[in-house]
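What follows is a group of structures, each given as structure tokens.
Same chain, two partners: chain A is paired with chain B first, then with chain C.
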Partner chain A sequence: MGHAMADGGAPKKLVEVRGLKMYFPIHAGLLRRKVGDVKAVDDVSFDIYEGETLGLVGESGCGKSTCGRAILRLYDPTAGEIRIGGAEIAHADAETLRKMRPAMQMVFQDPQASLNPRMTVAAIIGEPLDEHTTLTKAEKNARVYELMDQVGLNRTFANRYPHAFSGGQRQRIGIARALALNPKFIVCDEPIAALDVSIQAQVVNLLEELQDRLGLTYLFISHDLSMVRHIADRVAVMYLGRIAELGPRDGLFETPLHPYTEALLSAVPEADPDAETTRQRIILKGDVPSPANPPKGCNFCTRCPKVMDICKSVKPDLIEVQPGRHVACHLYNQTTTMTAGQMAASEAKKSIQQGEKR
Partner chain B sequence: MSDPLAAPTIEKPRNQWRDVWDQFTTHKGALVGMTVLGVLLAFVLLGPFLWHEETLTTTEKIMLKNKPPSARFPMGTDQLGRDFLKRMMQGGQVSIAVGLVAMMISIFLGTTVGVLAGFFRRLDGPLMRLTDLFLSLPLLPLLLVMVMLFRDALAGVLGPEFGTFMLIVTAIGITSWMQSARVVRGEVLALKEREFVLAARSIGTPPRRVILRHVLPNVISPVMVAATLNIAEAIITESALSFLGLGFPPDFPTWGRLLYDGVSYMQQYPERVMLPGLAISLTVLSVNYIGDGLRDALDPRIRGR
Partner chain C sequence: MPDGAQPVLDVKGLKTVFRTRGGEIHAVNSVSFDLRPGELLGVVGESGSGKSVTMMSLMGLLPSPPADVRAGEVIFEGHDLLKCSDEHLRSVRGAGIGFIFQDPMTSLNPVFTVGFQIMEPLRKHMGMDKAQARKRAQELLELVGIPDAGQRLKDFPHQFSGGMRQRVMIAIALACDPKVLIADEPTTALDVTIQAQIIELVRELRTKLGMAIVWITHDLGVIAGIADRVMVMYGGQIVEQGPVKTVLGNPQHPYTRALLTTVPSVRGARTAKLNTIEGQPPILKAAPVACAFHDRCPQAFDRCARENPARIPVGGGHDVACFWDPATNGARNG
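Then we have the complex of A and B:
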């Protein structure tokens, strides 16, 4: 892990996401008029460096999966820019996008649902090859077998159908399919959430091994904090469609900056029973506000234990408070005492992430 | 990583259709259905070559009308002294052909409309309103109008028999696709949200191949059911049309026509109703069982049990 970061030279950005917004319209009433938006992803910006794993965590419904899918253009984003390897994704037309697909792939959450029940394993793994290569039948078979070896599936399974496999094996099929075209970037959308704990470790180890061998870059979406701590190099914490905190794994897990990250990390159970009994939990009150109608100021202001007046009126930008560590919280904002005029100005200004002036 | 010795023993990816056939042959109902349909097809297609009707003069025909089954006329004669066996064979050809062709037209239309409406949100509204429109039309009067307007024109181009045939199958086909369209649309709406369709999109599979590879094979079950029911419906509708004098010409036999002709003599000669009725029922039943077996055979989750 962290090869790219440790190599000394400036790490190369593979994925750049700027101001990504994904709104789903709400239609209501007799005429199905648009009455609002579900702001599933609201102004999210981050980078993923080559060879690293960015963990994306947050509770259910905070927009993690939507974010991952929007990055691969499985949804048409409402606004924002996405670049993978320098190529613009967010507004590319269908044919350009199709040509870029091999570089970016996805591993899905539910291995049962992500495999067509009427196709054999060979056909499932071979589908990307059918779409993007002109291999002969024999070459394709060879490649399918090679992929099955890579993910640890027995070659004799090639003619079987997905229903004949266990959850872990199905996820391996899904991973083999994602690897078929030698992608650079893989979005892992909760790849372990539907699996047994014993199988989770196998799949995560497989993902790590493949990363080492093939130099893959992952966006690892999960709500399993201990798994993210294990696999990720950097971690982004999402709350209600926005990034609350983004930073290197160790720093973030040891000294969380954002109150939400603190609360989230305090919910991770300890393996040590002594530590577990003395563990201080931060229990958040109330529910997550509806993404259709988020609070006016900071999205977390309705539940934040450290809420201030300014939090209820101004959305905090994601700013770099320590080298490599970004947080969207007024606690760390130097210009907390702003006048009304400055507030309006900051509202209008787009968040510039990581202090970049472009 | 892999055992090099194991490699040569691995089977090549098998042809899926062989699996399907293997499973199909384990379905007893389907095999019986195949046999019955085979016998019926042999009866109507090969029968006319084996059974030669005597050429009778009009006087002889009048003398020989309404005869019960005998060695000379295995199924008796009708009210005009015509050999009923021969008429059953000819009628079967037309009825089965009408049933199959009308079913294909209706399933093709229904599946196309259903898949397009379910898959492309933009087409959903217009196509489903069109379906509602067709559903709300009173079918029999519509058929009557269509036949009245186009029969002579088509007969002029394609000949009276083939023209009428085309007209009737088209008319039945385009008035019976709505149910399957609705069922298919519902299935496609659910399938479209499944992750394997999303996975195909993330691979970069264009929509038309997503439909062919992922959506259509998974809607095959409801389509099969609709198809088998449609055959029965088409045969019955054709007989209703013939009965009303708007199908095939009166001297042109179909099973439905024979059935309706027999109704007025039901008291005296019940076999004249029972024979065509039985033929229609057997065809429908056997097709139903074949459809059932095919549906099971096409589902890999059931296959091999």
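Then we have the complex of A and C:
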């Protein structure tokens, strides 16, 4: 694919996210006093270039959906800046925000829950047109039919209700609704998680076709690493509200830098029995810590197989260690690329440090 | 069966029908399979392919009505579970056949401690007293890798994370040393890193305890990693069955072949476009008279719409219910 590079020259940034924080307060006790925060998204920065797909992966509860929703201002972010096409989103007032809505849309995870069961398909797809345009009835109908054709829904079903459709078709309705206002940027929040494997491929192919035809930019949120590898140009791996690693798809999947990315990739089973018997797995111990009380230092230090002393006290920054490849890990702090020798040296240093402590 | 060993579980011609307001749904159509001692049988299929319903009907876990197990026999330790008394069935559930359900969030009772729920089958089936049961429950929790097991017995399900709850479910299923363990999508609700932990645990337990396991999933990758034999279900029927290496390495049924190519991989070459299976899975309003896959099948010919193919052995314990032969790209003989 490589849509970003298609027109040559430097790719243009469409979405810029800087220091995004989304905290949800925890209230407890009789007086419901605020006792803490769930740090769902904790200081996340990234860019999405025009025409590309950024995959956002991570385990459940890592904040990937919250991040996607905050970017579209479905939540009011605690801190940070969000710019889409140059326009400031994070602090815009309701009126300005409303005018910007057509350019940014969302496809939701659960096609069952995100469609109003009392509206016909035509009404669902047409609703954004009612809200944001002044089309006549005939023009609107024509646009609805055009959208239904685009997503591969039969026009004759326009007056049916969502219950009459299968999961895959409902997701197509959701996609048609997102496309209605010719958006530039679409956040796809786990659009295939609720679908069967044979249907997932249909929806992913549709999303790719639409991107090619309409020049869309996607933020594709998913926990399915293999699907993200298929659809994304660049991938961001999130862990406990922070980005652990961000880089071009091929490099990230071939040589993951962050120990978490490495473990995550090695945990994906493969439908090949021979490969499965010989494959080296990294089995992480324990569970993801609570985002209300993340560990001090690097948030992965409680499960990391390569943990060092510094990880337990100092939070690593997301730094560029190779062109385009960012990683937040102390293993890559001193040098850009660590060779095996250096790795061994740092191991030795680590054991010396531990020795001194005792 | 070609191998000498007596199967621990032998299912023949199982048919389950649901009566709904909109008519009958034939969820399981003449399913036959056996499970040999100590083997891990993977069952793959999409939702609605009848894999869970098959396993639940053979243990009498489906409410009737609407479910109606119309025909078939399920032989476990010399008894037909479909015809035996409720009392006998109760003694088999939990003790002879353990069951792990899909969703660890909803299958534990939130108002009882985890310890109570593990001790319940021990006291009912094994006649243990409270102290013995508690000791065994602690052993079980240690076995499934829950740290600080003695203390955790007093905790309630909401105090455990998803992966830990699934471990508790496994501990309950293992409590009475069942001969057969049926695991219905035990890792589907879990994250990949937790899934890897659970798979590792089941692998370990298998070598330690030597029980036969039926593992239901829609993820072919999981099957490739742990199963000895695999059964592919579609439209309430078994369409392909055989040793996991031959089925995944040399799939015979067009559905299995499509299923293998429609899922992208995290390793190896990356395809520009995903292969898809067009259309929707069928809803079976009547017993099948044609191949259930024929309207989505790229290889279908006229015979497929007229006749439901029977399972034909293709050698090496591998069989397939299809008229098409991938070796010749034509009709299969016989």
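Everything that follows uses one rule, which is that the second predicted complex is superposed on the first by the 332 of 358 C-alpha atoms of A that agree within 3 Å, B and C clash if a C-alpha of one lies under 4 Å from a C-alpha of the other, contacts with A are read in each partner's own complex, and residues count from 1 in each chain.
The rule is short, and it goes like this: contacts are C-beta pairs under 8 Å (C-beta built on N, C-alpha and C of every residue); 3 or more make two chains touch, one makes a residue touch a chain.
The shown structure was predicted, so the numbers you read here are calculated from the model rather than taken from an experiment.
Engineer: With the two structures overlaid on chain A, would chain B and chain C clash, or do they fit side by side?
Structural biologist: The answer is fit.
Engineer: With both complexes superposed on chain A, which partner does A:Arg281 reach: first (chain B), second (chain C), both or neither?
Structural biologist: Only chain C is touched by A:Arg281; chain B is not.
Engineer: Looking at A:Gln109, would you say it contacts chain B, chain C, both, or neither? Reply first, second, both or neither.
Structural biologist: After superposition on chain A, A:Gln109 lies in contact with chain B alone.
Engineer: After lining up the shared chain so the two structures overlap, which partner does A:Pro305 touch, if you call chain B first and chain C second: first, second, both or neither?
Structural biologist: neither
Engineer: Looking at A:Thr156, would you say it contacts chain B, chain C, both, or neither? Reply first, second, both or neither.
Structural biologist: first
Engineer: Quick one: classify A:Pro25 as touching chain B (first), chain C (second), both or neither.
Structural biologist: Once the two structures are laid over each other on A, A:Pro25 reaches no partner at all.
Engineer: Identify the partner contact of A:Gly215: answer first if only chain B is touched, second if only chain C is, both if each is, neither if none is.
Structural biologist: neither
Engineer: Examine A:Asn205 and indicate which partner it touches, taking first as chain B and second as chain C; both and neither are also allowed.
Structural biologist: Touch partner of A:Asn205: chain C, not chain B.
Engineer: In the overlaid three-chain picture, which partner chain does A:Tyr145 touch, first (chain B) or second (chain C), both, or neither?
Structural biologist: first
Engineer: Touch check for A:Glu127: first (chain B), second (chain C), both, or neither?
Structural biologist: Once the two structures are laid over each other on A, A:Glu127 reaches chain B alone.
Engineer: Just to confirm the geometry: in the superposition, how small does the C-alpha gap between chain B and chain C get, in angstrom?
Structural biologist: So the smallest C-alpha to C-alpha spacing between these two chains is 9 Å.
Engineer: In the complex, go through chain B and note every residue touching chain A.
Structural biologist: 1-2, 6-7, 10-14, 16, 194-196, 198-206, 209, 213-214, 217-218, 298-301, 303
Engineer: Using the touch definition up top, name the residues of chain A that touch chain C in the complex.
Structural biologist: 1, 59-60, 166, 168, 196-202, 204-205, 208, 223, 225-227, 229-230, 250, 253, 263-276, 281, 283-284, 287-288
Engineer: Spell out the residues on chain C that touch chain A in their complex, using ranges where they run on.
Structural biologist: Going by the criterion above, the answer is residues 46-47, 161, 163-164, 191-197, 199-200, 218-225, 244-245, 248-249, 258-260, 262-267, 270-278, 280-281.
Engineer: Which part of chain A faces chain B closely enough to touch in the complex?
Structural biologist: Within the complex, chain A contacts chain B at residues 69, 72, 74, 94, 97-99, 101-102, 104-106, 108-110, 113-120, 122-123, 127-128, 131-132, 141, 145, 149-150, 155-156, 158-159, 161, 163, 174, 177, 181.
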